[in-house]
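A, B, C, D, E and F label the chains in the order they appear, each numbered from 1.
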Amino acid sequence: MSAKARIELRPTPHIHAPQDVTVIMRNVVLACLPLAGWAVWQYGLSAALLGVTVVASCLLTEWLFGRGETLRDWSAVITGLLLFLTLPPGFPLWMGAVAGVTAIGLGKTLFGGLGMNVFNPALVGRAFVQAAFPVAITTWTPPFFEGRFSGLIPTTLTLPFTIPPETSRWAGAVAVDAFTGATPLALAKFQQSLSPATDLFLGTTAGSAGESSALLVLVCGLYLAARKMLDWRIPVSVLAGAALTAALFHLLDPERHPDAGFTLLSGGLMLGAWFMATDMVGSPVTPRGVVIYGLLIGVVTVVIRLFGGLTEGVMYAILLGNAATPLIDQLTQPRVFGEKRR
Amino acid sequence: MRLFRRKTFSHGIHPPDHKAETAHSPIRRLPFPPRLVVPLDQHIGKPAVPLVHKGQEVVRGEPIARADGFLSAPVHAPATGRVRDIRPMPTARDRLTPCILIDVYEAATQEVLWHYPWQPRKMDRQALIQAVREMGLVGLGGAAFPSHVKLSVPEDKPAHTLVVNGCECEPYLSCDHRVMVEQPAELLRGVRYALRATGAKRAIIGIEDNKPDAIRLLQKLTAEEPAIEVEAVATKYPQGSEKMLIRSLMGLEVPAGGIPLDIGVVVNNVGTLAMLGALLPQGEALTERVITVTGPGVQRPGNYRVPLGTPIGFVLREAGYRGEAGDFVLGGPMMGPSVSDLRTPITKGSSGLLVLDEAAVRRESPRTWPCIHCGRCVNACPMRLNPAMLGRLAAAGEYQRMAAKYHLSDCFECGSCSWICPARIPLVQQFRVAKQWLRDQERRKRHAAPPRQQPLEASGKEVRAA
Amino acid sequence: MAADSLSFIFLNTVLANNFVLAMFLGLCPFLGVSGKLETALPMGLATTFVMLVSSLCAYGINLALVALHIEFLRLIAYIALIASAVQLVEMALKRYSPTLFRALGIYLPLITTNCAILGLALFQTFKGYDFAQSLVYALGAGVGFTLAIVLMAGLREKLALSRLPSVSQGAALSLMLGGLLSLAFMGFAGLGGGH
Amino acid sequence: MNIPALQPRTPTAAMLAVLGGVAMLSGLLVVLAAQLTAPLIAENQRHAIERALVRVIPGAVTFRRYRIVEGGLAPARKEGDDTLYAGYDAQGRLLGIAARAAAQGYADMIYLLYGYDPRCQCIRGIQVLKMAETPGLGDRIMKDHAFLKNFESLDARLDPSGESLLNPIVTVKHGAKRNPWEIDAISGATISSRAVGKALNRSARKLLPAIHPLLQRIRRLREAQR
Amino acid sequence: MSRQRDDRLTWETFSEGLWRENPVFVMLLGMCPVLAVTNSAINALAMGLATTFVLVASGLLVSLLARYIPRQVRIATYIVIIATFVTLIDYAIQAISLDLYNALGAFIQLIVVNCIILGRAEAYASRNRPLKAVVNAAGMGAGFTFALLCLGGVRELLGAGSLFGVNLFGPAFQPWVVMVLPPGGFLVLGAWLLLFDWLKQRSAEVAPSPRGETANGR
Amino acid sequence: MTGLDSSLIGITVGFMSLLGVVLAAVLAFANRKLWVFEDPRIDEVEELLPATNCGACGTAGCRPFAELLVKGEIEPAKCTVSSAEAIQEIAEFLGVEAGAVEKRVARLACAGGAHVARMQARYEGLESCRAAALIGGGPKACAWGCLGLADCERACDFDAIAMNPQGLPVVDADLCTACGDCVEACPKELFSLQPLSRRLWVACKNLLHGDEAERLCEVACTGCEKCARDAAPGLIEIRDNLATIDYRLNDLASPAAIQRCPTGAIVWLEKEGARKGRAAKRIARKEALPVEKVAV
């Protein structure tokens, strides 16, 4: 016999699990799509345009700065989609593009790209525009307004580098109830009025493009958790941390502080807990560390909501969690097999 | 009850096992190759010292190299023939291992012609251990640790339990399975010898629950024998690692950096003990072993009994090879090394030959990503290390920190972390590099004078002189 | 929480008006000594200690200055007194507790010439804090500084193991990290102001 | 190369002399500078406060400083947090009282000067003295015309007992102002707006009941002075 | 120490502080005011000039007095000298404009610590002739001012749409508030440094590749 | 608005003098009571050192080296990183002899680039020589040869090593400080530190003989002994099939020895590169050899 072979030298192990980075990322994109779809259903053309703009700006930036192949792993698409989901639906497109460029440029490629960043890129983008354009980013649109598929929210097409127009008159004209333009959190904070739980759950309230339906977020998040694409301990501990803190303050002063249920369902907590705190790049790797990280995020979120100057604190809480991750990782090294318990 | 609380350990992984291809093919004997390459260090410890010279005639079973000290093992001629040369040859362990090359007599019957005068029934502990030592038996489970050392339990550290490792957790391999099914009598005899040699009170045979036939068979055969228990353990990699198996069966953790004996346990592979049970009554030495030849690149996968020293090229010709390129793995896919030369021989520690063809290799594409901090490796590592951190440190060349703060030395290179890593980072390889670098560093520190002039000169000369 | 209660002063100085991240004080050590956790933590602790010392000194000497109506000497008096006090502490440590000196003392000279220390003294005077308030203010400033520098050190240690693009190594990266950390701390802005 | 002696030769006298001398010199320099600039600075400060006073007591041309003391008002020589200013028109008629107020804003304390008109029992204007609110956002409390309009006539009536305000001054969300004692917040800067309301409310609640009985006195005092 | 002293006054004496040893961009010293008061170009300029004044004045004085000051009280004396000049400039600014004074806040007084740090100057001044010390201090001050302006300019331009208070883009311009907030300070300085690093690398890339002896010929 | 308040001036000046005097007194006191000796020269010397903390001098870093220097327990020239002038400056500063150490550089004992040395397998894994060497000794047919994955290049802190197109490291003698990092990095132990004056060099470590060696690599030393016959007696000796040079006789070395080598394994090193014998110059190939297929 004269079979010939080229010998391949490869390190152990010679086989690998089928889920590689691309597969995971593709699935997360998949899980985000229903949320984006719901946002478009709620807010119409403006939301669709904003989504496209943000994702495109993320991809463009990744392509400009990234090294070669990095576009193919889908992670920039996730960043873009999630960033879009955290922005108000009527956010001027040019500001959306600024957010996308910052997210990838400042939040990711500056540190060396995928896996090297320390802060969640999407939230870096959002935090940046929140600090840069605080008025525009707190200008909400009532959902299901009339003519959302035939026209745009007036702020959407603001000329680059100019101030978006005032929308309160427009909102009054197109919405059934002008006051729905305020988010449930703002209503709770400044008016002490709690929106009904079913509205929050189903997502018929105003807010960021992707944060309004807790149900949808939950379903998509559970899909990812079931397929082991995310670490379920993170969302669970974030939500637990938030619920416990909220319940405690509610007990102390029920008049002023909303209850745990409202806390869980309102604002970006669900989206943050399931899709953003779970970004593994900025979260700890150790089993105990993950739980501490989640609790920290939950607690800080509620503290900012109740006592801070801002109505919502999820974003900052996650960024702070990211910042604390290296420390948490160091302090929670698992006990090695066979090592004496200290 | 069994369904819900199976005996197992924490972490670990579930790779597809691919055992069906060979698990039901009975053990067959492979013909003798025209030339054998018999390495002098087929075991952990000092290499054996040749007793023969170039041109000398040897008969099957005759000692051809003696053990060099206690932690060492003798080597016996696997076939009748003539010593062609003694020189460095590539083996799975090293590119230049001193080996005895034997030209096999084609005409010989290849019966074992050399016997030791052992009388198992009359032998006491010491005599048993001495016999094990003389027959050159080493662990056939993979590590090739000299068995007589393992069985020599010191007075001050008695052993209470003998754990018999029938897990065979590596995917693709099935030789232990076949041995359990085909040679249960030899196996149980070997277990009894080992109990006698170690002074342990009981033996537990641990078998992964994906081999129900072996479990049932052995349970039936030991029903009357209270000293020997047969336990099913969960099918999970690396269940067969002795530390994990002890944890699963007995709930005990071997101390970090320690050995099973520290908690009164001795672990032996089923193949080792079956071999012991087969050889001792015959007065024969270890000259062959059972291996699984399998993988997509093999035409006739199966379990084969092969003489030690058979080059894998010969095995492949016999079992049939297909494909253009292949990854030739000595052992299982998780821990077995690729070989770079088809003259590499099967040795005492080789439990299988796995051939991954080009398509399989391509599927495990070498594309890697940076670590995305997903923590899967942390949740897979059976030793509960932090492979992610170790990997990052290794990439940065921070080997000392790996050892000092992240327990590098506790990693037994099982590959669970690399298997599961979605970024496909070659973590184990990084750790092996780190360990070797540290050993080098240590060696350098020990002899301040540089030993580097011609490092291989010494071994080359020695072999030539012999 | 009233704006002059001790707990408010403490929390506000640690989180909302963090000395480093919101007030821009003590940036030199923040950027310089945050490369490794094992030096950042002692630096933070040493700074906290010096802050307490200088807060005390400043409070004391200010009483004298006010009594004599020579407030215009405040700056000179503060800086001279603080510098000498720190030097004294440093020498004493070096002499009497070499271990403590090696752990903390080597940072002291770095700290003397640091905005956070003098800034603390000046701000506590401007804000008209009484004795207890001053001490709590100093403690909060120190804890806030420690928090910031320790977080920063953790991040930088993590990044030290990353493959950074060649342009963003070194000082630029530290500043960007500082910026992002400061962005994250903006979440605490207005803490206590909402109610 | 001379190796320094092992034991430091401490020139104690020299040290004392140099450091003492330099310190003395520096003291001299500083005191001279302080004294030379003092009038200029005082002038600057007076200008600043007068600019503010003119805004919060529209129409006033002369001002007097007072301090509430035990049982009445006393003229104040120096500026202080508790200083009150009375503003008079050209005819010497009392137009209003200005006082300082402060509250925690978004970033830090906000310090205000506000003018109270006893005739309409309302606040006539505010002027931010010091704040650290976000530029472009919180700092609109200084220059946002719509917001400042709130204070052209902000109801601050005393309740019948004269002990407290009839209606507490509150800030409400933008677009929700219904009553003359409410402040319409700036959208996007609600917290800063609320701080202004809170500062006014807190100060007015304390000051107005105290000052009301004394108003006649300053009017008279003024006449007496004339 | 008894090493040779070079008394020559060169362009280098002045320019090293301006660029090669720029206290901000190269040495990363005196960062607090650099970030704190640069939310407008005017503030940056004022701060830079004030610092330059103190540097020059104290440099001169230190250089004159150096030889009379015993080593042990050197630092204390310098601190007092610098603090004196800072107090002077502090009062001067108060007398000139209260608005500016309020905008710069405590950072005028914090020039003390800066100058001690920039005060490599002090070490320099005490080793050099007065004229040289003054020129060097002026260079350092100029470099510092330059850096402050780089930051102040960008931050004011983006953060308020104006430069030195002059509105450049009209009323419709959307200011980037973050630029005048604390993170903006960090980010803008970081961006400048990135830019410089990038430029440096670009110029380094055209440098020749290594050559040397080799065992296999090339 | 007029005049100066003289009493205030008095108070000020008095206060400041008092402050100055008190501080001076305290410092003077502290200086005497709390003073700990540390030779100020250590700092000065440290300033003069390159601060690379490479350890080539045999100490833990630049500061410990400075301490030893000041104590006079080590020679300035032990620092291989500093330039000659810098060493001279330190020596002058301390008033000692610089100490004479001939400049050494790292040299590679292999010339088997990808165009002449066979590959018997294709390696896939970490881009690192040490990692490759751990798997069956690496893909190269010659067990001794350079794997070309640049561990040495990465180990060099001074950018003195660059890989050439054939995958062999090239040392820039000017940049090489003889710190020894590449010696430690190479898993095949191919680097050694050699004085510049050793020009005759065996660029191979293969211990196989004749054809067996040449089958693996076209520039292998086959142990044919031709070089030894030509050279001064005792200078070159064949040990274990490998030419070995006795550098005690380095003065006798000349380029003549290289002329008879049929493969070019023995070379004469010059600044521009290696000079090979006539017989060895026939290899014209530049591109890499393909990975061998082996018969099963």
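Simple rule for what comes next: a residue touches a chain if its C-beta (ideal position, glycine included) is under 8 Å from a C-beta of that chain, and two chains touch if they have at least 3 such contacts.
As the structure is a prediction and not an experimental result, all values here were calculated from the model.
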Shortest walk length in steps over touching chains, subunit E through to subunit F: 1
Any chain in contact with subunit B as well as subunit E: A, C, F
Chain whose Cα centroid lies at the greatest distance from that of subunit C: B
Most extensive contact between chains (C-beta pair count): A-B
Distance from the mean Cα position of subunit F to that of subunit B, given in whole angstrom: 41
Centroid distance [mean C-alpha coordinates] between subunit C and subunit B, Å: 59
Whole-Å gap between the CA centroids of subunit A and subunit B: 49
Distance from subunit C to subunit A - Cα centre to Cα centre, in angstrom: 33
Contacts with 2+ other chains: residues of subunit A: 1, 3-11, 106, 112, 116, 128, 131, 134, 309
Residues of subunit D engaged with two or more neighbouring chains: 1, 8, 10, 15, 18-19, 22-23, 26-27, 30-31, 33-34, 106, 134, 137, 191
Per-residue overlap in subunit B, given as positions that touch at least 2 other chains: 317, 321, 325, 337-342, 361, 366, 370, 426, 429
Chain-chain contacts as defined at top: A-B, A-C, A-D, A-E, A-F, B-C, B-F, C-D, C-E, C-F, D-E, D-F, E-F
Complex contacts: residues of subunit D adjacent to subunit E: 1-2, 8, 10-11, 14-15, 18-19, 22-23, 25-26, 29-30, 33-34, 37, 40-41, 44-45, 48, 130, 134-137
In the complex, subunit C residues that touch subunit B: 160-163
Of all residues in subunit A, those that touch subunit D in their complex: 134-135, 138, 168, 190-191, 309
Residues of subunit E defined as touching subunit D within the complex: 2, 39, 65, 68-70, 72-73, 76-77, 80-81, 83-84, 87-88, 91-92, 94-95, 97-98, 102, 159-160, 175, 177, 180-181
Footprint of subunit D on subunit C - complex, ascending: 3, 16-17, 70, 72-73, 76, 80, 189-190, 192-194
